[in-house]
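Pasting the structures in now, so scroll down.
In the two complexes below, subunit A is the common chain; its partner is subunit B in one and subunit C in the other.
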Partner chain A sequence: MAASAVVPRRRPWALWLVVLGGLGLITWRMLYLHGVNEAFNAAFFAGAVVRSLQLGSLYALIALGYTMVYGIIRLINFAHGEVFMVGAFAAYFLFSRTPFSWPVALLVAAAIAFGVLQFLNFWRGRARDPIVLAGALVVFAVVAFALASTQLGWFWAMVASMFVTGVLGMTIDRVAYRPLRGAPRNSMLITAIAVSFFLQNFGILAFSNRQTPFRPASFFTGPLQFQVFGEPLFTSWMIVLVPSVTAVLVVALTLFVTRTRLGKAMRATAQDAETARMMGVNVDRVIATTFLLGSMLAAAAGVLWGMTFGSINQPAIFGILPGIKAFAAAVIGGIGSLPGAVVGGVLLGFLENFLTALFPRTEYFSGITEYKDTFAFLAMIVILLVRPSGIVGEDLSEKV
Partner chain B sequence: MRRIAVTLAFALTLGGLALAQGTIKIGVFLELSGRMAVTGNDTLYGVRVANEQQPTVNGATVELSVCDNASTPEGSVVCANRFVDEGVVAVIGSYSSSHSIPAAGVLQPAGVVMVSTGSTNPATTQVGDYIFRIPYTDQFQGAVAAQYAHNDAGASSVAIFRQQDDDYSVGLSGFFKDAFEALGGRTTVLDFTANTVDFSAQINNLRSFNPDFIYYTGFCAEAASLVPQLRQQGFTQSILGGDASDDTQCPDGGGAAFDGFTFTSFGEPEVLTGAAAERAAEFRTAFEKSYTLDHFTGFTLSGADAYKVLVQAITDAGSTDHAAIRDALANLQDFPGVSGDITYVGTDGTPANRVMGLYAYQFSGNSWTKAVLKGISLE
Partner chain C sequence: MSARPGDAGGNGAGARGYRPHYLAHRVRNSLLTLGGLAVLLVVLLLVDGGASVKLKQVFALFAIWGIATVSLNLVNGVTGILSLGHHGFMLIGGYVTGLLVLPTATRDNLARSARSELSDFAMGLSVENWFRALGLDSLTTPETLWARFLVAVLIGGLMAALFGVVVGFPSLRLRGDYLAIVTFAFGEAIRLLASTPLMSSFTNGALGFAGVPSDIGKSVWWTFGFLAVTVFVMARLKYSSYGRALQGIREDEIASEAMGVNTAYHKVLAFAISAFFAGVAGGLWVSWVGTARLDLFLFFLTFYFLVAISVGGTGSITGVLLGTALVVWVRQYGDPLEQTYALSTWAVAAGLVLLAVAALAFFLRRVRRIKPDLGPVVYVPGALGLVAALVGLLGQGMPALQATWQGFGMRAITLALLLITIMILRPVGIMGRREFTWAWLFRERLDEPTEEERAQDAWLSNPALSGRAGAEREDDEVDA
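Right, the complex of A and B next:
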C-alpha cells in the first residue's frame, strides 16, 4: 500500500539549475584564471575543450564494447582493453608492413573475408545464402590481392583492422565464453581476466615488446593552427577526424540496433535472453554479433588512439589503462545503455582534460594534473553511490 | 688412428666433466622485457661479450644465470630471491634504480655482492656495503645538466618533467632543481606516472610558466609521446634529457620531433680519453663480431665492466666466498675497465672519475643518428 503511494517526483527545473549553475561556475573560474595569468586565454580553454572531445570520443568507442557485452550477457569483458590493443597493432602491421608476402596476405584476407561474411549476414539473414558466400569470396580475392601488392593507407588499414579484430572478438566469445554460458557469473569474469592476460603476453611475443611508432602517412596527423579571439591554438587535424569517425560509427551502430531484425533480436536478448530464445531468437548468434561489433569499434578506437598520440605502448600495458577507464565511462553513463557509453566517455574526456585545465598550476596552487588518472574511478564511485544506474541508464529494477 | 680418436674423445669428455664440476654462477637480472627492454638487452649483450672474452676465473667456468625482471620492481625482487636460492657467487644488475634498490634490499642482508650496471640514484649503493655500481650518480648528472642549461643553453627558467613513481626520475629532477636554482634560475616540476600517453594536462600547466628550457628526467616509453605533443602544441624550446633518454625507443617511437633532442648519458668510446678510449674501441670491435652495432651503447660498456670487475674481484679473492669477494671489490683500485678506470677504494660503491657523454638525436628525413657532442668528466 505504501509502495503504490510513492509517486516519482519529477523536478525538471532541478536538473537545469545544476547545469546552468555548473556552466556559470566554469565561466567564472575561466575569467578568474584569465585575470591571474594572461596564458589562460580563450585559446587555452578552447584547446582543452577540443582535446577533451577528442579523448572522450576515444573512450566512448571503447566503452560501447563494454556496455554492449554487459547489456547482453551481463559480463564485464575485461579482455576488451586487449582487443583494443590488438586492433591498434593489427592496423600498425597493415599500414607499415604491406605489401605482405602471399601466405600472410591470404591468411589476413581470410580473416577479413570472414568478418565481411558475418557483416553481409546482417543484411541477408541466412548463413548459407549464395549471395553472401559469393560476396565474401569476392572480398577474399580482392583483399588478398590488395594486401600482396600495395601499401595500405591509414583508412583502409583501419577498416581491415576492424574486421580482423571483430573476428578476434567473435573467436574469444566462441572459445572462452560460450562454453560457460550457463556457468556462474564469476567463472565468466575470471575467464575474461585470463583472456586479457593471454592477449597481453601473446602481443609481447607476436607484435613487439617496445614503444612502437604509429605514424601512417596522413593529412590528419599534420598540424592545425587557428586563432581563437586573436590567440593562436596549436593542434592537429585529428581533433576533427576523431569525433567525426566516432559520430559516424555511433550513428551506424544506433541505426543497426534500432532498425534491423538482428538489432531487434539484440534488444530482445538484452531484455530477457530466455524469453528471446523461446520466441525463436538465435541467442548465440546475437551474442557473437555483439562481440563482432564491439570489437570493431575497439579496433577503430585503437587506430585513432595511435594516430592521435603518434606511438603506441607495448602490448602488455597499452590496453589496460584506456580499457579500465572506458569501463568506468560505461558505468558512469549507465552500463548496458548505448547512449550512456557515449555520454560517459565524453564526460570522462572532459573530466581528464577540461577539469585539469580549470585547475592548472599557478603560482599559489600546484594543480590537479597529477590526479587525473583517478578522476575516472572517483566519478565511478560517486555515480555508483548517487545514481547506480548511471547518468542515462535505465532503472535498475528492469535490469535484474 | 681410430685409437687416437677414441682417446681424444675420452679426454675431451673428461675435460668437459672437469669443467662442469668447476663452474661458478653469476646472477644477471636486467630489463629484458617491458618498457626498458631495449637498454636491458643492450646491457646483457655487453655482459655476454665480456663473458666470451673471459669465460673462466680461477680455473672455473663462469655460468651466467640470467633473470628477466620485466622492468618491474617486483620482478627484480623475484630475481634477487632466485639468486639467493641458487647460491650465486655475485649478482650483476640492473639498469634502472627503481629495480636495483629493491633487489639490493634482498641481496644486502643475504650477503651477496651486487654490481649495478645502470643505477644512478645515490640511494642504491647506500643500501649497504655489498652493493656497488659502475656509473656516476645523479648528483653529478643533475649538476652537469644544470650547468649545461644555464651556461650553454642560456636558460633562466626550466620546466622539469618528472616521473613521480620512479626513483631515478625523482632523484635526478631533485638534483637538477637544486643545482639550477643555486645558479640563480627558476624551475617548475611537472609530474606524470609510468605509461602516461596523454600529456595535454601537463602541457596546459606549462603555459603559465612559459619556460625557456625543458628538462626531461623520465624514460623513453613516455618521452616518445610527450615530445611530439610538446612540439605540436607550439613549444619549440630546447629539450635536455637524462641518460634514460639514451634508448632507441625515443627517436623510433617519437619520430622527427626528437630532432635536436640533447641528453647526457653513459660514456661511449668517442667521449672517453686515453687508454680507456682504446679499450672501449677494442671492446666495440669484439662486440661487432657477435651483435650489430645498433645494440652498442654506453650501457653495453657498463654491463661489460660489471662482469669484468666481478671477475677481477673473484680472482683477487682467490675463492668464491661472498665476504672475500666483497672485500676484494672494495679494495679495487685503478681497474682498467672499458668504461674508464674503476676505483672503489674510499667510496660508497660508486667509482670516482666517471666520464659522461653529451649526445643529441639528429634527423634527416625519417632516419636518425645519435651524434656525440662532447665528453664531461667529474673534475
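Right, the complex of A and C next:
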C-alpha cells in the first residue's frame, strides 16, 4: 500500500549548520570547563579524543559484522557479540598457552587451515581449486608445527584467532541459520538469541567464568607520552595501533567488496538475493563468506579490546554490552551500509568517551560516567524514531 | 475462507470460545474441567502439605514464571511483536514490591548500615506505614503480610505497566526486528539505570536489599492463585474483541488497520497489560528469592521465557504453560548436567547427542522424502559423534581424558540447543497456536456446522437459485 508520499524539502545547509553548531557548542563547553578547573586542559580533551577514536574503532570493527549480515540476510545476528568474545578468548589461549600439545595443535591448525581455505577461495572461481587446497595444506602443516613448537606473539595470535573465529561464524550460519532461510524473521531472530545464549554458556563451560588478564608481550601496550599545547598526555601506543589496524582491515574489506568477484556477488545478494541466485550467484556461499569476514573482524576487535583494557570480562557477559553497542552503532550509521558502520562506531565512541569528558565530575555535578552505558541505547532509539535509515544509510523502510 | 462462527483466526477458537454445539459435549467438558481443577487442587494440597521444601519451591517458581511467560505471550504470541524487554518490567515490579513490603526491622537495619545507599524517602515507602496512617492496624501484623503484599504487588504492576506504555510507543513506528532490538535496549537500559546514582537511592545500587519476606513468593497457594488470575484474564482477553484485534495485528497489521482496528491503541494496550503482569511476576520473583538484586533480572529471564513460549507454542496459553514447566524442570532439576565428570564421560555424552542428531536428521529426511537420505546434515554429526563416542569409550585409560571437567552452564546450553532445534524443526512450537481443549483431546471438529448452518449451506448451494448468493459462494471458493 502506498503511503502518502511526503517529499522532504531539501535543506543541504542543515547538516552543516548542525555540525558547525555542535562544534561551536563543544568548543564553548571546553573553554568553560577550562575556566572552571585547570585540570580540564588541552591534554585532558586530547586524551578523550584519542580514547574515543580508539573505542570507536573497536565498535566499528564489530558493527561491520552486524551490518554485513543484516545487509545480506536481514538478520540481526544477536550472536555476534559472543563471536567477538570467542575471538578474544581464542587469542588469549593462542598467546598464553602455546606451545600446545600435538593433538591440540593439530585440531586448532585444522580449524585455521579450513578458515584459510575458505578465505583463499575468495580469489578463485571454483570451490575446490587444487591451488587453494594445496595452499591450505601448507598452511595446515606450518601452523600445526608453529603451534606445537613456539609461543605466539599477539599479532600471530590475532591472525590465527581471526581464522578460528571465522570458522566459528561459518559454522553458526551452517548449523543454525541456514536451515531457517525463508522462515519468518522472528524465528530467525529467536534462533540468533539462542545461539548467543549457547555461546555465552559455552564460554562459561570452556573458559571458566572469571575476568581474564589479557597482556600479551607487546611494544604497543607500553606507555606513550606526548605534549599537547605544552601539557603532557600519558597514554599507550594502543591509541595508534587500534585505529591503524581498523583502518587496514576496513580498507581491505572495502577492496574485497568492490574489487573481487565474490565481493560483487555479495553486493548483488544484498540488493536482491532472489535475482542474484537467478544470475548464477551461489547465495549460500556468499552468506557463508559474509559470516566468515564479519566474524574475522569481530575477532580482531576482541584481541584489540583485550589489549586496550588489559583484561577481558567473564565469557557470560563479555560479549553482551560491546555487541549490543556495536549493533547500536550499526543502526546509528545506517544498517546494511559499510561506511555507515564505521561512521556509527566512531560516533558512538565519541558519544561515550568525549561526551563524558565534556560533563566531568566537578564540585557542582556528579558527572555522567555511570550513565554512559545507556547512551548507545538512547542514541539508537532516537535514531530509529527520527531517521530509521541511519546517518548514511539508504531508505530501508519496510515494503508492503 | 469459509467464515463459520467456530473457525476464527485459524486457531480453532470461535467467537464463543471453545463451546461445542452438542449439549452432551458441553456437559462432559464442564465435568472434565471441574475434574481437572480438582486434580490440580489435590496435587497442590499434597505438595503444600507433604512434599519436600524443594518441590514446593519448584511449584511456586513454575507459577511465578508462568505468570511472566503468559504475559509475555500476550505481546510475543498473540500480538506477534517480539518483545525482549520483559526482564526490565519484572525488575520494576520486583523492586517496587520488595521495597514496599520490606519489614520495619529490616528497614531499621538498612538505615543504620553504612553501605546502604537507600534514601530516607525510599525507606519511608512502606505499605505498613500507610496502613497505620489509615488506622488499619490489624493489617500490619506478620500474619496479614498478604494484605500488604497485595497492595505492593498491585503498585509494582502499575509502575511496570506505566513503563510498558513507554516501551509500547516505539511499536507505533517500528516493525519486526528493529522493534525487538528497541525493546531489548529498553530492558537493558532499565537495568543499567537501576544501578546508577540516579536510582540507587531506591535500588541500593548493585548490592540490592535482602530481607524481602518469602512467605508469599514461596507459598504454592498464593503463587498459583496469581497464576490462575493471570491465565483467566489472558484467556478472556484473547477471545475478547481486544484479543481479536491483537491477533489481527499479528496476522496482518495493515489489513487490520483497514478493517478499522486502532492498531496504535491496541499495541500499546498489549504492552501495558503484559508489563503489568510482568511486574506482578517480578514482585513474586523477588519474594521467592527473598532479595531484590540486579542480577536476578538479567536477560536470561527473558531468554527462558522466550524458550518457554517458542517451545510450548507461540500464542497458546496452555502451550506456554507447558513450555514453562519444561524450562523450570530443566533449570531446577538439571543439576546432574552441571556436575564434574571425567573428560571421557563428556566425550561419550557429546558423541551420543551428535549421533541422536544424525539419527533424527536421517529419520526426518526419510519421512520428508529428501534425497539423498545421507546428506551432510546426517553424516557430519554422525561421524563427529562416532569419533567422540569412540574416543571417550576407548580412551578411558588415557591420562589426558581422565582429567575432570565441571559442566558449568550446561542447563542453559541444553535450553539453547532445545530452542534452536525447535526453531528449525517446528517454529510454531509443540502446541502451535492451538490451545489444549477437551474437544482437541477427543479430536472433535470445532468448526462442525450446526443444523442451522447446514440448512443455510444447502440453501446457498442450491443450483436452482441464481443471482447474488450463488455469485458470492463462487467468490468464496475462489478466495479459498
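One rule holds for everything that comes next: the second predicted complex is superposed on the first by the 387 of 400 C-alpha atoms of A that agree within 3 Å, B and C clash if a C-alpha of one lies under 4 Å from a C-alpha of the other, contacts with A are read in each partner's own complex, and residues count from 1 in each chain.
Here, a residue touches a chain if its C-beta (ideal position, glycine included) is under 8 Å from a C-beta of that chain, and two chains touch if they have at least 3 such contacts.
Being a predicted model, the structure only gives us computed values, none of them experimental.
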Problem - Overlay on subunit A: subunit C relative to subunit B, clash or fit - result: clash
Practice task
Identify the partner contact of A:F309: answer first if only subunit B is touched, second if only subunit C is, both if each is, neither if none is.
Solution key: first
Handout entry: Which superposed partner A:Q271 touches (first subunit B, second subunit C, both, neither)
Key = neither
Exercise for the section: Tell me which partner A:L55 touches in the superposition: subunit B (first), subunit C (second), both or neither. Expected result: first
Problem - Which of subunit B and subunit C A:S236 touches, first, second, both or neither - result: first
Exercise for the section: Quick one: classify A:N209 as touching subunit B (first), subunit C (second), both or neither. Expected result: both
Exercise for the section: Classify the contacts of A:I193 with the two partner chains as first (subunit B alone), second (subunit C alone), both, or neither. Expected result: second
Practice task
Tell me which partner A:T27 touches in the superposition: subunit B (first), subunit C (second), both or neither.
Solution key: neither
Exercise for the section: Using the superposition on chain A described above, determine whether A:D373 touches subunit B (first), subunit C (second), both, or neither. Expected result: both
Problem - Partner chain(s) touched by A:L384 [first = subunit B, second = subunit C, both, neither] - result: second
Problem - Location of subunit C clashes with subunit B - one stretch out of 43-51, 79-87 or 205-213 - result: 205-213
Fill in the blank from the handout: Overlap of the subunit B and subunit C interfaces on subunit A comprises residues 204, 209, 316, 370, 373
Practice task
Report the residues of subunit A in contact with subunit B in the complex, numbered from low to high.
Solution key: 36-37, 39-40, 44, 47-48, 51, 55, 204, 209-213, 215, 223, 225, 232, 234-236, 305, 309-311, 313-314, 316-317, 321-322, 352-353, 356-357, 360-362, 367, 369-370, 372-373
Fill in the blank from the handout: Per the touch rule above, subunit B residues touching subunit A in the complex are 33-35, 37-38, 164, 188, 190-193, 195, 197-198, 200-202, 204-205, 207-210, 220-221, 224-225, 228-229, 232-234, 249, 252-255, 257
Completion exercise
Residue positions on subunit A within touch of subunit C in the complex are 1, 74-76, 103, 175-176, 179-180, 183-187, 189-191, 193-195, 197-198, 200-205, 208-209, 316, 320, 324, 327-328, 331, 366, 370-371, 373-374, 377-378, 380-381, 384-385, 388, 398, 400
Practice task
Using the touch rule from the top, collect the residues of subunit C that touch subunit A in their complex.
Solution key: 80, 82, 84, 170, 173-178, 180-182, 184-186, 188-189, 192-193, 195-198, 254, 299-300, 303, 306-307, 310, 400, 407-410, 412-413, 415-417, 419-420, 423-424, 427
